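Each of the next two complexes has chain A plus one other chain: chain B in the first, chain C in the second.
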Partner chain A sequence: MDLSRGASHAEAAPSTGTTIVACTYKGGVVFGADGRVSIGNYIMNRASNKIAPLSDYIFLCRSGSAPDTQIISDNVRHYLHQASAESGEEPSVLMAANLVRLINYNNKDHLVGAMLVVGWDKHAGGQVYGVPISGTLAKEKWAIDGSGSTYIWGYCDSEFKEDMTRAEAENWVKEALALAMTRDSSSGGTIRMYTLDGDGVHHTYIPGDQVPQFTGELPFPNRDPSGAVLAAAAAREGGMVIG
Partner chain B sequence: MSGIGTGYDLSATTYSPDGKVFQTEYAQKAVDNSSTVLGLRCKDGVVLACEKLVLSKLLVEGSNRRIHNIDRHVGVAVAGLAPDGRMVANRAWDEAASYKRVYGEPIPGHVLCERVGSYVHMFNLYWSLRPYGSTMLMAVYDKNGPALYAVDPSGSSLRYFGTAVGKGRQAAKNEIEKLKLSEMTCREAVLEAVKILHKVHDEDGKKFELEVSWICDETNKQHQRVPAELLAEAERQAKAALEDSDMDD
Partner chain C sequence: MSIFSYNGAAIVAMAGKECVAIGSDLRFGVQMQTITCDTPKVFKIHDKLYLGLSGLLTDAQTLHQKLMFRHNLYKLREERDMKPSTFGHLLSNALYERRFGPYFAAPVVAGLEPDGTPFLCGMDTIGAIETAKDFMITGTSPESLYGMCESMWRPDMGPEELFETVAQCLMSGFDRDALAGWGAVIHVITKDKVISRTLKTRMD
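Right after this comes the complex of A and B.
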């Protein structure tokens, strides 16, 4: 998915060379993404948010071209809002997925957006749709995409189970992301993970030094063992701080 | 009848002094003078039934269609000017198809009826167009359950448990009010609908046909004509009921 490994950095567009992961579990969906945005070898942002809300209960996980996927998410958010104003109801996840797919398909010559549409609606519960480049739409029990996804198909295939508990599903998503971030140079930084069910959405932010590490990796340098610096910064900024 | 709206009834863009748009009222008259159409919403679906006067012996049975399929989960019956009704049904078909293409799922009933209502209403706004002289009864079974809607020539769209339009509407509505629709299945409602149509039919000797459709759990939530045996049985019971009441007289 990372098309920005061109010879010249000036020509390369920012890429969300990325890992995005989503799965259904008993009662809802869990989904997450890494945080790295790169232009060639330069990491433009190490803590970006690749998950865009399309409505209160529907989200878009973005990979591929960063500007393309941002515009797609803005457009679909607008159309979904119009649709729910007309119908007086919350939009269904399938509606959002189909809108994303139509934009991908009708503009396939120009756009590079490989996305997952994940959400919850009252008629069909939690759903995961893969909407890759060129305009396919596939409803799935779990889905992954982005450059880092190539390294974790084996993990996902072997470890996914139907009707997992919320904790099991969150662990599956977190492990999958961490493994991909270890091996894919275009993925890394921080993890953002969401859990969504009928009662609402819960956001988990995992700073870089708390991403699971695996055998043989160098330990993350901890320049703030007591946590004092981070705590002071959080107090100053009033909340979330980039680790 | 003549002279009712003299001077104020020449175009849809003129109000009368008492706040009426006479062109719309006249369009409503076209529906009121047509043969009866009724709809019943039951606990498991919706039934639509039309009385069709046979205008000529040369007509093949089943021609002069009054009931149209809009999508798998939506069917409509039209009363009033038949070609006008056909145009409105076509628009409904268009709306349903484009919704499916854009949003990937079948159009909800309340969205479709509002879109058709807006369309019909538009023809009440411009001098160069005349209002549609037809009312559309819409039977839909979507993820919110079964529903019956009616869109009239003014463009207003309302949701009903049961309703009737056309010549025999007053008598039909009286009969419908006696029914306990929320406890009835569509199979039972077909018998009632046919009974009502036979009862309110003008006894001037003109032959008439029935066109009856349903959409319910039994049809897997798809809009279809009722099976021939059920219709035949309903006609038998209806005629027997008429004879009974004749004997009572």
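Right after this comes the complex of A and C.
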């Protein structure tokens, strides 16, 4: 029926059009991601896991091209494992971030990966590094990325505070993700959130029906362009409409 | 991106026993950004005739306005409402008039004929008309909607059952579509009244 349908599912590349959010708080880091993977407008996976472990205490939040970021995470996990085997210590977050950054930078013509490297190590505690497309590396107090992040810069800027408690930081991450998931069509589904505080890794999974909603009670839609005329006609007997 | 998936829509219409139901999602967006969640894509033509339009929203709105104009003139001349089957052919003709510069909209017509039998038809963007006895769908994820309707539809459903079925098909169908959703509205048309309900759905 649709004569000029665009790229079919087979042709479009899967993308984690995504929202990823991370922040430091007093004691560690909290980070999270949505769960939607789409091919064009088809939602291929509505509960995917976009947070890949690089080591026991270092994680990669992935956005951009799904296959590119998966390969990057596999490669960096392998390098980190080798490095920590040689040094005998847990790898540092800075090393992990640099490895991701180098892959992005040296293959900038081919890769589309906008990622956050988040972790905890004994040298510097909780850290958040932004590693966007093309190979920048930026250590930040908080970072967001993905297509949905454009909608929440204002929220993140105004609501972030230094040295938040764990509960405040988790709420900040969860609300930011939920707001982005409402407005960005390529983000949605579920929220996965991790908290690292030196004691261990705490994973929170928020299924779709428990994601905070921001639209309240919707009134009955009344946007019929000729609604005013029809409503008036309905009130009169006979219903003749002079349009 | 295709012109037909610039705005996004999901529309389902089904026939029951002496009743029809038609529903659409409520999202209005521009490509991947959602602007509002109160934009239905189903429009009333008269008490027993509703029109759903998917595709480019500006063309859907313009087509609706032009058809209202035609129907209003028809009412003045004929002194009665237009039959849904007539309306379907009127719409098909109006679309084919623009064969080489078409309206980027795909309509679904749902109504009750004067004798009470349900009428359902759908068209492509240039007016190729097909009638159906069971259901008609259009939107940015037709595969999802067809799959749901094909599984859920059965003949001779009453108004309440029909509402439930259309609601479930629409919601499960557009939950797999990034460009449709954010609430839904469903109208159930019977011979003495129309019951319109809004559905609260996941808003992502």
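One rule holds in what follows: the second predicted complex is superposed on the first by the 206 of 243 C-alpha atoms of A that agree within 3 Å, B and C clash if a C-alpha of one lies under 4 Å from a C-alpha of the other, contacts with A are read in each partner's own complex, and residues count from 1 in each chain.
Note that in this section a residue touches a chain if its C-beta (ideal position, glycine included) is under 8 Å from a C-beta of that chain, and two chains touch if they have at least 3 such contacts.
Here the structure is a predicted model, which is why all the values come from computation and not from measurement.
In the superposition on chain A, contact is made by A:D184 with chain C only, not with chain B.
A count of residues in chain A touched by chain B and by chain C gives the higher number to C.
Residue contacts after overlaying the shared chain place A:E86 against chain B, while chain C stays out of touching range.
Look at A:N98: by the touch rule set out above, it reaches chain B but stays clear of chain C. When the shared chain is aligned, chain C comes close enough to touch A:G17, but chain B does not.
Judged by the touch definition given at the top, the superposed model places A:I43 against chain C, while chain B stays out of reach. Of the two partner chains, chain B is the only one touched by A:L137; chain C is not.
Looking at the shared chain after the overlay, A:H123 reaches chain B, while chain C stays out of its contact range.
Shared contact residues on chain A (touching chain B in one structure, chain C in the other): none found. Residues 1-5, 8, 26, 29, 31-34, 37-40, 43-44, 46-47, 61, 64-65, 68-69, 72-73, 75-76, 106, 122-126, 128, 138, 140-142, 144, 175-179, 182-183, 185, 196, 198, 200, 202-204 of chain C touch chain A in their complex. Looking at the complex, you find that chain A touches chain B at residues 83, 86-89, 92, 94-95, 97-99, 101-102, 123, 137. Residue ranges of chain A in contact with chain C, taken from their complex: 1-7, 17, 34, 36, 38, 40-43, 46, 147, 151, 181-189, 208-209, 211, 213-215, 218-221, 223-226, 230, 239-243. Only residues 102-105, 108, 110-111, 114, 143 of chain B touch chain A when the two sit together in their complex.
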